[in-house]
Amino acid sequence: MKFKNLRFGRSARLGVAALGGLGVAAMAAPASAATDVETAFIFNTLSFLMHGFLVMWMAAGFAMLEAGLVRTKNTTMQCLKNIAIYSVAGILYYLIGYNLMYMDVSGFIGSFSIWSAADPSITADGFVGEEAGYAAGSDWFFQMVFVAATASIVSGTVAERVKLWPFLIFTVVLTGIIYPIQGSWTWGGGWLSEMGFSDFAGSTIVHSVGGWAALAGAIVIGARKGKFVDGKVHPMPGANLPLATLGTFILWMGWFGFNGGSQLAMGTAADIRDISSIYINTNLAAAGGVVAAIILTQVMYKKVDLTMALNGALAGLVSITAEPLAPAPGLAVIIGAIGGVIVVFAVPMLDKLKIDDVVGAVSVHLIAGIWGTLAVPLSNGDASFVTQIVGIVSIGAYTFIFSLIVWTILKVTIGVRASEEDEVDGLDKAECGMEAYPEFGVGSQRM
Amino acid sequence: MKLVMAIIKPFKLDEVREALTSLGVQGLTISEVKGFGRQKGQTEIYRGAEYSVSFLPKVKVEVVVADGQADAVVEAIQKAGSTGRIGDGKIFVLDLQTAVRIRTGESGDEAL
Amino acid sequence: MKFKNLRFGRSARLGVAALGGLGVAAMAAPASAATDVETAFIFNTLSFLMHGFLVMWMAAGFAMLEAGLVRTKNTTMQCLKNIAIYSVAGILYYLIGYNLMYMDVSGFIGSFSIWSAADPSITADGFVGEEAGYAAGSDWFFQMVFVAATASIVSGTVAERVKLWPFLIFTVVLTGIIYPIQGSWTWGGGWLSEMGFSDFAGSTIVHSVGGWAALAGAIVIGARKGKFVDGKVHPMPGANLPLATLGTFILWMGWFGFNGGSQLAMGTAADIRDISSIYINTNLAAAGGVVAAIILTQVMYKKVDLTMALNGALAGLVSITAEPLAPAPGLAVIIGAIGGVIVVFAVPMLDKLKIDDVVGAVSVHLIAGIWGTLAVPLSNGDASFVTQIVGIVSIGAYTFIFSLIVWTILKVTIGVRASEEDEVDGLDKAECGMEAYPEFGVGSQRM
Amino acid sequence: MKFKNLRFGRSARLGVAALGGLGVAAMAAPASAATDVETAFIFNTLSFLMHGFLVMWMAAGFAMLEAGLVRTKNTTMQCLKNIAIYSVAGILYYLIGYNLMYMDVSGFIGSFSIWSAADPSITADGFVGEEAGYAAGSDWFFQMVFVAATASIVSGTVAERVKLWPFLIFTVVLTGIIYPIQGSWTWGGGWLSEMGFSDFAGSTIVHSVGGWAALAGAIVIGARKGKFVDGKVHPMPGANLPLATLGTFILWMGWFGFNGGSQLAMGTAADIRDISSIYINTNLAAAGGVVAAIILTQVMYKKVDLTMALNGALAGLVSITAEPLAPAPGLAVIIGAIGGVIVVFAVPMLDKLKIDDVVGAVSVHLIAGIWGTLAVPLSNGDASFVTQIVGIVSIGAYTFIFSLIVWTILKVTIGVRASEEDEVDGLDKAECGMEAYPEFGVGSQRM
Amino acid sequence: MKLVMAIIKPFKLDEVREALTSLGVQGLTISEVKGFGRQKGQTEIYRGAEYSVSFLPKVKVEVVVADGQADAVVEAIQKAGSTGRIGDGKIFVLDLQTAVRIRTGESGDEAL
Amino acid sequence: MKLVMAIIKPFKLDEVREALTSLGVQGLTISEVKGFGRQKGQTEIYRGAEYSVSFLPKVKVEVVVADGQADAVVEAIQKAGSTGRIGDGKIFVLDLQTAVRIRTGESGDEAL
């Protein structure tokens, strides 16, 4: 049995089952006005595909954001890690992840098997389904791009000192095992979903999970040499802010897919009306995050910090992700703005704790993710603070501990950290043998 | 011959160059440098952490001139490069043994 | 009453009301062949969403274009302004802009109120609409991304010397008040639409409006120090041409959303056939603009100026925007090519007038926008030159004067222009305290 | 007669005619469940438009990839060539290309005429078609973006030494004549399609054709000065690897359009189910290519070469393009991985042959394209190795010889190669009079 | 006065600067250079082809000091800049004729 | 010891380096500079406005050699760097007081 009730709380509130609603609508409405079942199937599938390619695009967003926020000498490595992550995540999710998350979920875990598509409603005689549904492959595609996002979060935090291969091994475990198992608890219909935990598009399930895994990594690997000296923080500014800006815009665009596609259906007027609301809220939450970060850095530091504005946008997006549908637009602005405020305070706070997070991913994805998950009951009457906290804590503890163990095993076996010399010279030279911007000035020839 | 080497504020470059050419200087070479000195870099905030920029962007001008011209050149640079504000830079004068023009092999004052 | 007849002239010509046509088609065609009303609702809404995210993406395009065409020392600021604009525009359009433009438009202005969605055709029993329509939120989303584009245009022109906060205040006024009021005249069903003014996707209503606001800003703020000295023009080349190229490609891609979505419907075969034509014409006009700019710069200057080729693409796009549907493809190439020619002549002409437009936005958006609006009658028999000129002049005068007043008030109160020292040092240092590319060469460490 | 059976082999296997299948489905299925004909028309058209804008986006991908892999001094030129190519390709395909490829194809060639849209099924009374079909313009748009991709391939290989205008003339011939004629053989329903040659989305028809034209160019133009000296290869590292990474991600995203849209229909559940499979296989093949290239460069060189990882992704994508539908996901990974292996060996092999391919386009598009075309029979029972080889060889010989002739004519008439001095100084200075990154260091002013 | 010009490994810059300031040096100028020497660049592989990087990134430090201070400065740089591994760089000392502070026109030791 | 400082055309760098190494020179330092001289920059057009580029990209080569080797080094650079066309650059020779190898502290000719 494959079952997903991502929208458990919400659908209960609406009084219709998530996808079942489609069939109901198709049956109940007057024949001349209602979408037929095959048409709804196409729309549902199209939603997964279209929103899926937008989420895929977020891989480029993470790559550019991180490539822009590391120093030149680690840029090639950061690009390499990002394209590798996206590749590894896809293959792993095919090999074990998807079925672990969605196939015959017992409550705590699905089954270990390779994914394959089955679309019984499509036969040689055409479409014979009685309910709309969607193509199984489109769902796989959409779920797969989510797991890649989780892994990208880690990459930014541990940048500039992690070795390539241990990092890739961690990615294998994260995308193949850690993420899918906790995912099965809620989206796979497991115990948290039974309990009523509500996380529409993954503030906790995707973003905080990435953040916890990143935090564990940052702790095990340690800070970059020179970052914290004699109790003082030494900033190491990112080398290319336009790239970081581009990355943020890409992520923003992709987020329409991330949240919009998480409606999981587009085959009725009600569904696409909901997707419209989700787009609006997603956009306004990001806008709120930007405006809050800009005003706050102006007030606190008398200058406007672009990197905080970018992080503010992302924090706003993460914050609205747990419930992008129910809030009124004004509330979405506020939820996002609080996300923006959080990030402005969380980034230096982590520094004070001597946790070295190169791109601010823990602040953006973990802390704003917790906030977003807690904010669900503000607009969604079916969610309760208690259940939300149970979800946040259980998923957090599971992910953090599991990640800590994996990072530690990697540390004591093959080692996770580049040598001090390699760190000083930059990982590009050490691991890739290649500089991101190899030229020595404009006028020079090959040297 | 003298090698006059001046560290100036970048936005003064055009004025310095014009001052030198109006003295008859035919060539000069510049490079991008960073300077540390009395002029303190701003204390910046990057992502909530204080960040003092100790090196500030400057331009180095190197110009080789005949002995007799050195003083005029120094004076011209000093005037054109000055804003009266801290960090305007320095002029250093060194003695040069020879100069050779690569194109022709000429040496001495002719090479300039 | 909310009413929009963006396509007034055209729809009159076709003899069917704009969205009414959907219902008609659904009713008239044989039951087995016709799209049902809910399906059409979904398609119409999907068109707004899909084309809307493409237009949203144009925000990234403007950011990259402008970040590439300013000098390094102002790059951070340019990135910051662009993400701030997009955020502010969204919030303002929610708070007052949309309803000013579309709600109970009296002829000259709508009403001051916060926007909220209403979709009466969707009930607990499913979809009960008799006409197709679309989700109200999807329309809001699509209109919102347009207003952001208008604001981005201004940002490029006044770059490298405007202070951040006055600029943001101007953006608030532009997106909350100036743009929506004139928008109500045509798209909101006001007096210009009554008169038959035709501007399909906004050559005048979006692009020229941005251009006029930019021009007013350039005049009030003045040229960059050193740009015009002793009657000579001193070019200040943009620092990163690949970024500018990327920005142009992004804008080109986004323009399919801009023009295609402005069909406002996708629920009939005729509508999507029209969208197909719009895509083709949009693409060919841009292509025409590029080819014209390349040939012309080669002939005039013996070199091909990449920045003119990029501006040529944009000018072609702006030119076709007033009427991307009616022209045959060959005419679209020509309309775009004339746009490309315009830009090649307009950029140095503005220099001669000592108007300092950093990225050429006035030439591209205002002047080519006027051309595009004038070109409508070439292919659209319902438009007349006289009415087009009335629209261009009235919208232009309104926007220019209003903007001039706002810029002037800002100038005499808080000041709009960075100090000379800040301008010399670059706004990045002064306003953001952050360099776009902080590293001193590849080999160096943190300094 | 216009006829396209891109999916000849596959559709024969499924036992239904390509687009006819849509109508059949609409008729055969129970009335309540089946998509009506107009709805299917809209879906089919939407697929062309949506996938079309994704493929258009690949133009930006090629631009960024190539701008990142050339040296700074040739970057402006590379940006210029790429935007020019996309523009020229569109205009040429309108003027002669499309009809040469699809209009009244005799077997070997279509007809010389300007394209124009005809949609007889849409009348003043609404949609009257009996079969679904699609808007003619959407098809043109989708086909047009393909031809632009072909031309972009050439641009990368001959970079850093070709003169602008001869290159653009070659582009005119390639997009207007060379590409469409061979395209008519298969996709236009010509002799190769009769024979059963199977190339779903163009491993051979698009990618190898671009590769052959590039190879011919590289041979006629010769290697860059200093690349091969005394039998040794002197690498000339690309100047901006994050840009190249961005370009690769853009291409990857665009490829969902490239392959997904090549299903040519989206109006039935079966079609969109197939598109889902195509997305999955496309993604996994790219992932396989990346992973293979990373592992292989680590093993062979003890470092992971980012540029090979990027080329691996692209090679994986090219490899799956001839048959992105039939393979199971696991096979798609393998097909892509073999593509990744190919590129790791092919790049140095070409160097040994003293063929100077700046970005590796011949390896990626030609050699992996051949592999992909040969791999079709692995999963598609209707394809045979013999026919595939006939297709590869005939298209290859035709394209290579035709290109060789055109390049040679250009060489002996106006000359194809920049002067040695211009090559040393960089083409940006010589042909564009403009530097890509003109600033001399961060701190400096205009000089 | 002497011009002390040192070529050092980039990551040693902060230590060298601190060593100099603790000697009382008030200003210095740095630039980005590349060095060729006994320290061989790695043999890199770029796209399957061997690629020997002959020039390695270094930082050049230029500091002008009064005659009496030159030895101490050289020693300080030598100590702070040394890792004991090949490629640590060189210190060159040149004689300087004059130094002028652009801001004020002062010259000689006062200009430093 | 002498400090030979040459301003050359960038694409001549490899030839100059080879000429020097074949003379036995073991190390040198280069930097990126821009030069102003008789060789006039092109008059460029940027967006329709004339734009004269007064500074052209050059590479500065600095090599310290023993006194006896200086002439040979100057000659080698002059030959290898020459194209016979305007803008080939200059070679300047300065007197050096000391050289120190940072790694070992050696000084004098042994430091080179």
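Per-chain numbering from 1; labels A, B, C, D, E and F assigned in written order.
Rule of thumb we're sticking to: a residue touches a chain if its C-beta (ideal position, glycine included) is under 8 Å from a C-beta of that chain, and two chains touch if they have at least 3 such contacts.
Just so you know, these numbers come straight off a predicted model, no measurement behind them.
Undergrad: State the pair with the higher C-beta contact count; candidates are A-E and E-F.
TA: E-F
Undergrad: Since chain B and chain E are copies that touch, just let me know if over half of their interface numbering is common to both, same, or not, different.
TA: different
Undergrad: Using mean CA coordinates as chain centres, what's the chain B-chain C distance in Å?
TA: Going by mean C-alpha positions, chain B sits 47 Å from chain C.
Undergrad: Could you please state the distance in Å, as a whole number, between where the Cα atoms of chain D are centred and where those of chain E are centred?
TA: 52
Undergrad: I'd like the Å distance between the centres of chain C and chain D, where a centre is the mean of that chain's Cα atoms.
TA: Whole-Å distance between the two chain centres: 31.
Undergrad: Among the residues of chain D, which are close enough to touch at least two other chains?
TA: Only 36, 39, 50, 234, 237, 240, 246, 301, 303, 305, 307, 424, 433-435, 437-438, 440-442, 445-447 qualify.
Undergrad: Would you please write down the residue numbers of chain B that are in contact with two or more other chains?
TA: 11, 30-32, 34, 44-46, 54-55, 58, 94-95
Undergrad: Quick check on the complex: what are the chain C residues that touch chain B?
TA: Result: residues 424, 429, 433-434, 440, 447 of chain C touch chain B.
Undergrad: Can you name the residues of chain F that touch chain C in the complex?
TA: Listed in rising order, the residues of chain F that touch chain C are 44-51.
Undergrad: What residues of chain C sit close enough to touch chain A in their complex?
TA: 31, 36-39, 41-42, 45-46, 48-50, 52-53, 56-57, 59-60, 63-64, 67-68, 75-76, 79-80, 82-84, 86-88, 90-91, 94, 114-117, 119, 121-122, 124-130, 135-138, 140-141, 144, 164-165, 240, 243, 246, 431-439, 441-442, 445-446
Undergrad: Residue numbers of chain E touching chain F in their complex, please.
TA: 2, 6-8, 31-38, 54-55, 58, 60, 74, 77-78, 81-95
Undergrad: Applying the document's contact rule, which stretches of chain C touch chain D when the two form their complex?
TA: Interface residues on chain C, with respect to chain D: 15, 24-25, 28-29, 32-36, 39, 43, 50, 54, 71-73, 226, 234, 236-242, 245-246, 248-250, 252-253, 256, 260, 266-270, 272-273, 275-277, 279-280, 283-284, 286-288, 290-291, 294, 298, 301, 303-307, 309-310, 313, 328-330, 333, 424, 435, 437-438, 440.
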